[in-house]
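Both complexes shown next keep chain A, but they swap its partner, so chain B is in the first and chain C is in the second.
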Partner chain A sequence: MFAAAAIGIIVTMTFALLRALLGPTTFDRILAANMVGTKTTLLIAVLGFLADRPEFLDIALIYALMNFIAVIAVMRYTQYGEFVSSQGGTK
Partner chain B sequence: MILAIDIVLLVLLAVVGIAIIRLRNLFAVVMLSGIYSLLMACIFVLLDAVDVAFTEAAVGAGISTVLMLGVLALTKNREKIPVTTPLLPLVTVLVTGGLLIYGTWDLPAFGDPNAPIHLHVAPAYLAEGEHETGAPNIVTAVLASYRGYDTLGEVTVIFTAGIGVLLLLSGGLGRRRRDPDEPNSGGGGAS
Partner chain C sequence: MIDTILDVLSWVLILGGAGFSVVGAIGLLRFPDFYTRLHAAGITDTLGAWMLLVGFMLQAESWQVVVKLIFIVIFLFFTSPTATHALARAALASGLKPWARDKEKQTP
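Moving on to the complex of A and B:
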């Protein structure tokens, strides 16, 4: 059961990764990175049960918090930084 | 099962690495390097190195993404097309990588209980750690008690580096914001 969950999470992670690679706009990529972070959290939680070490769940919780803070920081820089346009000058 | 997950994650890691090399949009590269760190953290968890995984995620995906975005605010969003051929760097990297892989042949197998590192002081820590330090977690006992001064030094170094980076970033941002396109006029201080 946990193996199936792990496979599902890895497939979703692959799709998020594709969006990060292809994503035409900045926000696609931010969302994809956030998605991969969420999937990392879930994968660590599942891996804890898969390897009979459920205390990994606490670590997964910390990852969730950190992912949230990192995305807030990226959004702030996107909002107030000088690189809002993804078509920056090529000179 | 764990092996299959390992292989898939390593393939994803290789894909991200190649994409970081090929992409010219630097914002995408910063995002991808964050994703690279998260995948690497997954692999560290699979290797049972949870503390390393957490450091990788906090530093690689958290702090360095923010630092790189701060750098990106000071420069252009697109990488220039390189004019030199990558042949010499490629050869250097291949030779260095080959030498490192050659060096791993002499290492003991992964998780080998008879490896020298597990025979020196580790048994004493495991036997006496809880009694001597009072810490139930042996990693905590080693890091905070047996190597307490070492950890204090590391924390001092990281604290100093963090203050330095903060000072550099805030000073650089303030200066750039005032005159974004002014070409070195009047005491630019560029030496």
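Moving on to the complex of A and C:
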């Protein structure tokens, strides 16, 4: 059953990556990449249960925190419309 | 008895979560424009992830595992909707128009 969950998550990640490749706008690509990040967290947790190694959950927790940093990057993009200021340096 | 009930409940949650994830991913691939795709991604990021993680909590053997899973749930619950909302606002501010079946009905 954990294997079924893992397969479902991998299928989801494949579709999201396909959207990231096709995506006509930048926002589609960011959305798909964000989704892949979330699913990676879940996949690592499933692998921990599949391999019966609870240490994997720590790695999943780190991945969730990394996702948080990615969200801050997205917020920056929202505010300034670009990741790095064109004038050089940070605004 | 109680073990069987918890087991069945956790399998229902895990399989339901995987199912919602795949449905959301199909929506992400098939919907016509960015705003509708946001709607599909919302299902995967909140309901799918939530059901999977709660299903894992019911399967956990020690309370430490449950605490770690609760932390993951909290982080996903705060970050994913925030990112989705920020992206929608950024897209609207950059002038991306919502999709409409009728081109004349499309409001600027």
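Heads up, the rule we're going with is that the second predicted complex is superposed on the first by the 75 of 91 C-alpha atoms of A that agree within 3 Å, B and C clash if a C-alpha of one lies under 4 Å from a C-alpha of the other, contacts with A are read in each partner's own complex, and residues count from 1 in each chain.
Heads up, the rule we're going with is that a residue touches a chain if its C-beta (ideal position, glycine included) is under 8 Å from a C-beta of that chain, and two chains touch if they have at least 3 such contacts.
A quick note: this is a predicted structure, and the numbers were derived from the prediction, not measured.
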{"item": "Chain B versus chain C as contact partner of A:21, first or second or both or neither", "value": "first"}
{"item": "Chain B versus chain C as contact partner of A:42, first or second or both or neither", "value": "second"}
{"item": "Which superposed partner A:30 touches (first chain B, second chain C, both, neither)", "value": "both"}
{"item": "Touching partner for A:12 - first (chain B), second (chain C), both, neither", "value": "second"}
{"item": "Which of chain B and chain C A:59 touches, first, second, both or neither", "value": "first"}
{"item": "Which of chain B and chain C A:74 touches, first, second, both or neither", "value": "both"}
{"item": "Partner chain(s) touched by A:51 [first = chain B, second = chain C, both, neither]", "value": "first"}
{"item": "Those residues of chain A which chain B touches in one complex and chain C touches in the other", "value": "13-14, 30, 32, 67, 70, 74, 77, 81"}
{"item": "Chain B residues touching chain A - in the complex, by the definition given at the top", "value": "1-2, 5, 8-9, 12, 15-16, 19, 23, 25, 27-28, 31-32, 34-35, 38-39, 41-42, 45-46, 48, 50, 53-54, 57-58, 61-62, 65-66, 69-70, 72-73, 76-78, 80, 180"}
{"item": "Chain B contact footprint on chain A (complex, rising order)", "value": "3, 6, 10, 13-14, 17, 20-21, 23, 26, 29-30, 32-33, 36-37, 40, 43-44, 47, 50-51, 56, 59, 62-63, 66-67, 69-70, 73-74, 77, 81-83, 85-91"}
{"item": "In the complex with chain A, residue positions of chain C that touch it", "value": "11, 14-15, 17-19, 21-22, 24-26, 28-29, 34, 37-38, 41, 44-45, 48-49, 52-53, 55-56, 59, 61-62, 64-65, 68-69, 71-72, 75-76, 78-80, 82-84, 86-87, 89-91, 93-94, 96"}
{"item": "Of chain A, residues touching chain C in the complex", "value": "1-2, 4-5, 7-9, 11-16, 18-19, 25, 27-28, 30-32, 34-35, 38-39, 41-42, 45-46, 49, 54, 57-58, 60-61, 64-65, 67-68, 70-71, 74-75, 77-78, 81"}
